[in-house]
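In the two complexes that follow, subunit A is the common piece, with subunit B as its partner first and subunit C second.
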Partner chain A sequence: MLADFLLIAINGLVWAMAVFLVASGLTLIFGILHILNFSHGGFVMIGAYLAFTAMQLLTGSVGIAAFLGIAALCAVAVAGMGFVIDRVVFKRLKGVDDSYSLIATYAVLLLSEGAVKSVWGPNFESVYPPEGLGGALFLGDLFLPSYALFVIGAGLAVFLVLDWWLHRTASGKIMKSVALDPWMASILGINVNAIFTTAVVAGFALAGLAGGLLAPNQSLSPMMGGSYIIQAFGVIIVGGIGNVRGAFLAAILLGLIDAFGTVFVPQFPGIFFFIAVAVIILFRPQGLLSGIR
Partner chain B sequence: MVQTNRRNVMKMLGASVAAGALGLPMYARAQSAPYKMGMVTALSGPSEMLGRPMLAGAEYAVAEINAAGGINGRQIELLVRDSKGRPDAGTVAARELIGEGCVMLLGTVSSAVALAISGILQQENALLMTAAAHSLRLTHEDFNRHYFRVTDNPYMRQRAQAKLMAELNGDVTAWGGLVPDHEYGRSTWDSFKHGLETYYPEIAGKTPSISDPILCQYGGSDYRNYIASAMRDPGVGFFNSLYGGDAITMFQQAKPYGFFQRKAPIVDSANEFIAARAMKAEMPDMWIGSHWYHGAFKGNEINDRIYAKYLEQTGIRFPDGFLSEGHAAVMAYAGALAKDGAGTAEALIPALEGLSFETATGTRTIRAEDHQAIKPVINYRVRSAQNEDGFEVVDFRVIDGAETIEPASPGAPVAW
Partner chain C sequence: MTTKPNIPQAGGNAGMVGPVLIAVALAVFATLPLWAEKGLVFLAGIVMAQIVFALAFNLIFGLTGLVSFGQAAFFAAGAYASAWLARMAPDLPFFLTLAFGGAVGAVLAWVIGLVALRRASGIYFAILTLALGQLVYTAIGKTTALGREDGLIGIARPVLDFGLFRINLAAGDNYYYLILVASVVLIFCLWWVWHGSLGRILSAIRQEPERVRFLGVNVRRYREYAFVISGTVTALAGALMAPWSQIITPMIAHWSYSALPILFCLLGGSARFWGPAVGAVVFAGLEHSTRTMVGMAELVVGGALLVVVLAMPGGILGALAALRQKYVTDRRGAAE
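Let's look at the complex of A and B:
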């Protein structure tokens, strides 16, 4: 019974960290630019497809180090795309109504789906975990897939790095100051435009990293951009939009609620995530934490 | 009353000649104009990879018929619209095709799209011949005379799968299931369970113990909790009707748990070769239900012809059954047109009822009462392999659909 309970909790954490990996870039861009980037899922998908291609090119077995290297390369490649998107799209969205941002970023999502379909085709593909993460660990009665533990570790690592960057480094503090008051920051000599670009590039890099790390977690198709994005939006809304710590806490909370709900009320699979989001927003419309943190 | 004098006779003759000059070419054109068929299928969106081969099959059939001189001396024109796999877009596409003169609609991958289009058929006086949509409601609760299904349904297929398991694995009597929480998922499970309860006592002489199915979220990205529930389930044999990307995600996530070592046999409702092509050498060993498998019908001229053509066009060695079903839908309409060439809904409905016609799986007959085709049910066993495809078909079985089909009850639900 205890083993079952722990397994459900760990499965909830796997879901939570997978969604946090996707949501981290989304909430970072919103926190700094106040743009809700609908195309984010599309770039997670591109990261996953790039990882798929890289793993195909590496004939033979792929080890954990190579897999991490591939994920890092996916992050760099998608960050480059983010730089271009910033110049072509995001720069033009400053000071315009939110509805334009939604339409523009949705258009970018459609473009990313079309691009994936053109390059990789409409069929499903799959990626398998690297050597060393394909099996499972046995702790008494508890059965833990290695890759699932890896996803938890990756989510935690990304959170710690992001949190350290935003709160412990000069560049992170400058970024927060720009998010809070860009006019005052510019008066103080901060290159606000460069900070905005940095935030977009970092957000897209996180999307690419999430795609690369999560490629073995689910099937790949040109529609996969939407597979995490609803949960990611739920997590950043519950966490407090723009707040990385809030997103991390919300992902864990929603992941555990969804996992236990799914197991103990199996007649209604998948519904507990939405119920939890609705209830939390009802009582804390500003989210668990608010402001950029 | 018109007087019969020379002047009036000349007037009538003149009028007749003029009428003939104007009217006859129109009549002649109507007699030689192509029959229009309208294909509504998913050509974009998540079901695109199912809709494309369906379209290819329909195009092959039209090309073959036209090359042989058409039907009643008239060619077939195939008009195509994208349903995007969505009921709203499918209905708009159907109305457009009907507006362009298509009485004969065909295609549709999704049951939701088929149910939506089925609702407008009577008011538009058009027909729909679905080539994949499996919902039992289409030929039962929501039946209307303008709807026809050219392929099998869950009652036929899942009961055939249960029959096959009773024959091959009579000692495996504990069964469980992972099914998506929607109408298709529940109807596949109800049918499979009914088949286990029917055929295990009859064939294996044993009473199966069947767990409640584990209902899974549709379109999910994480199935680990469902898999954990399945691992705790007493079922040894397992039935799956998760589909496409959901099935692949679930199979991927289930492997590290040793699911496929502890649960066997696995019976998959309908994933054709979709999962195997994606997973390749990681494909778990399972029996899969299909509309058509080219290897099972070697020697059938249509089978051999469409397989060779598709292989040449796409390089895909294991095509999905949607190819043959698109072809079969056109063949059914062609058979009806040969019986009654008027091409109207009023003429086609009785012509289709009870019609037998040739397809890639042999002769099919459309049952007159509920418009459900009686066709063979195909199952093949797939597993990973060290070859260029990464998988192989190690066995296949063709089960006569007439043995497993439900009694016709149009307008009423299936009686289990």
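Let's look at the complex of A and C:
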């Protein structure tokens, strides 16, 4: 009984950390620029497909170090795309209504889906976990795939680094000050436009990293971006949009609710996530935590 | 140049352009089965339902100023409810099953509106309607009576019994003409709401919700009216489409289907009543012409949407109106 309970909780946590990896960059960009980037999931997908190609080029077995290296390369490549998207799209969305920029970035999501379809084709592809993460751990009669534990660790690590950066370093604090009052920050001699660009590039790098790390987590298809972005939307809106700590808490909360809900009502898997989002937003429209943190 | 009131000049009968274009579009749709191939006729039937879908959406988007990302839930509710009832009770008159679809859509819109409009606004409203729409999508995809992920197949086109005479909608292009007539009726209702006193209040709510509240109008209740009217008409469009496509899958409840009317509105121009209709036709053309190339549809549609959003905020109709305005002022400038 306890083992079952633990297994369900760990499944919930794997989901939570996977979605947090996607949501972190999304909420960072919204916190600084007030643009809810619908295309974020599309760039996670591009990161995953890039990792797929890289692992095919490295014929033979891929070790953990090589896997992490590939994920880092995906982050750099997608960050470069983010720089272009920032110049072409985001710079023109200053001061427009939030929902309007949501639609503009939805167009970018369509473009990224079209790009993935024309480069990699419409079929499903799969990526296997690297050497060393393909097996499983046994704790008593508990069966834990090592890759699942890796996803939990990766989510935790990204959260800790991001939280440390935003709260403990000078550049993170400048970032927050620009988010709170760009005009005042510019008077104090901060190059606000450079900070905006940095936030976008960092957010896209997180998308690429998430794609690289999560490539073995599910099969790859051109629909992958859309399904991740919907879950990430739910997480950041429940967490308090723009708030990294809130997104982390909300991911865990929603992951556990959905995992246990699916066990108790197996006819409707996945439905508890949406019910929980609706109920929480109904009673706390501003989310669990508010403001940029 | 003195400021003249913007009255159409003699000779340039600008006021007639709109009605003439509408009449031409109607004539094209009405005569389509006579000259077009079957595939195109089928597409036109779908496009008519989507035009109603988009015009109903624009009542809350362009007029009331709310971005709902869950409209597909109402479309699917209407389609599934009417198809399910027709299957359970095949002897019921067709208009009753249609009305049942509309009623289910109305109730669903009322409930979702109650939840989503209670507190949320702006982007929170968009995400909350998205979540609630996905809730409906997941529920439909897991319900055995609604065919789970496979959907309902073989939806019959019924026989209309008028007592004195009967029309078999399964024969020939009869169902196409039924969609045409029903769409015209529904569009007329929407036109009437948009241009009537309710429409004016909704438009005022979009521009200045705070002032309208000071004038003693219950803003939330009026937003709820708009939401329910839009949801009902959307559900009727879905109920009309089901026997036409003869197969419905949960994809018509998916959030990407909710994005369609938003696309149509922005492509055509959401500030004008007919904008979404133009957008729907242009979109169908883009998608139809790129259907054989993998990934091309997304690239073309995404690119077009991006250009419209970034460079032509008024959509196609807005850009055309600006062009005409420029032409008129240039000619007037030349005459003076």
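Heads up, the rule we're going with is that the second predicted complex is superposed on the first by the 291 of 293 C-alpha atoms of A that agree within 3 Å, B and C clash if a C-alpha of one lies under 4 Å from a C-alpha of the other, contacts with A are read in each partner's own complex, and residues count from 1 in each chain.
The working rule: contacts are C-beta pairs under 8 Å (C-beta built on N, C-alpha and C of every residue); 3 or more make two chains touch, one makes a residue touch a chain.
Just so you know, these numbers come straight off a predicted model, no measurement behind them.
Trainee: Here subunit A is shared; do subunit B and subunit C fit on it together or clash?
Mentor: Aligned through their shared chain, the two binders clash on subunit A.
Trainee: In the overlay, answer first, second, both or neither for which of subunit B and subunit C A:Q218 touches.
Mentor: first
Trainee: In the overlay, answer first, second, both or neither for which of subunit B and subunit C A:G95 touches.
Mentor: In the superposition, A:G95 contacts neither subunit B nor subunit C.
Trainee: Counting only touches as set out at the top, which of subunit B and subunit C does A:G189 meet: first, second, both, neither?
Mentor: neither
Trainee: Does the superposition put A:G270 against subunit B (first), subunit C (second), both, or neither?
Mentor: Once the two structures are laid over each other on A, A:G270 reaches both partners.
Trainee: Tell me which partner A:A18 touches in the superposition: subunit B (first), subunit C (second), both or neither.
Mentor: After superposition on chain A, A:A18 lies in contact with subunit B alone.
Trainee: Which of the two partners, first being subunit B and second being subunit C, lies in contact with A:G140: first, second, both, or neither?
Mentor: Touch status of A:G140: no partner.
Trainee: Pick one for A:P122: touches subunit B only (first), subunit C only (second), both, or neither.
Mentor: both
Trainee: Quick one: classify A:L7 as touching subunit B (first), subunit C (second), both or neither.
Mentor: First partner only.
Trainee: In the superposed model, identify the part of subunit B that clashes with subunit C, out of 6-14, 114-122 or 402-410.
Mentor: The one stretch of subunit B in steric conflict with subunit C is 114-122.
Trainee: Pick out the shared contact residues on subunit A: the ones touching subunit B in one complex and subunit C in the other.
Mentor: 122, 267-270
Trainee: Along subunit A, where are the residues that touch subunit B in the complex?
Mentor: Residue list for subunit A touching subunit B: 4, 7-8, 11-12, 14-15, 18, 122-126, 128-129, 134-136, 143, 145-148, 216-219, 221, 223-224, 227-228, 231, 259, 262-263, 266-270.
Trainee: Please output the residues of subunit A touching subunit C within their complex, sorted ascending.
Mentor: It comes out as residues 36, 89, 92, 97-100, 102-104, 106-111, 113-119, 121-122, 222, 226, 230, 233-234, 237, 241, 267-271, 274-275, 277-278, 281-282, 285.
Trainee: Mind pulling up the subunit B residues that touch subunit A in the complex?
Mentor: Residue positions touching the partner: 45-46, 48-49, 52, 181, 214-222, 224-226, 228-229, 231-232, 244-246, 248-249, 252-253, 255-258, 274-275, 277-280, 282.
Trainee: In the complex, go through subunit C and note every residue touching subunit A.
Mentor: Where subunit C meets subunit A, its residues are 67, 115, 118-120, 122-124, 126-128, 130-132, 134-135, 138-139, 142, 255-256, 259, 262, 266, 293-303, 305-306, 309-310.
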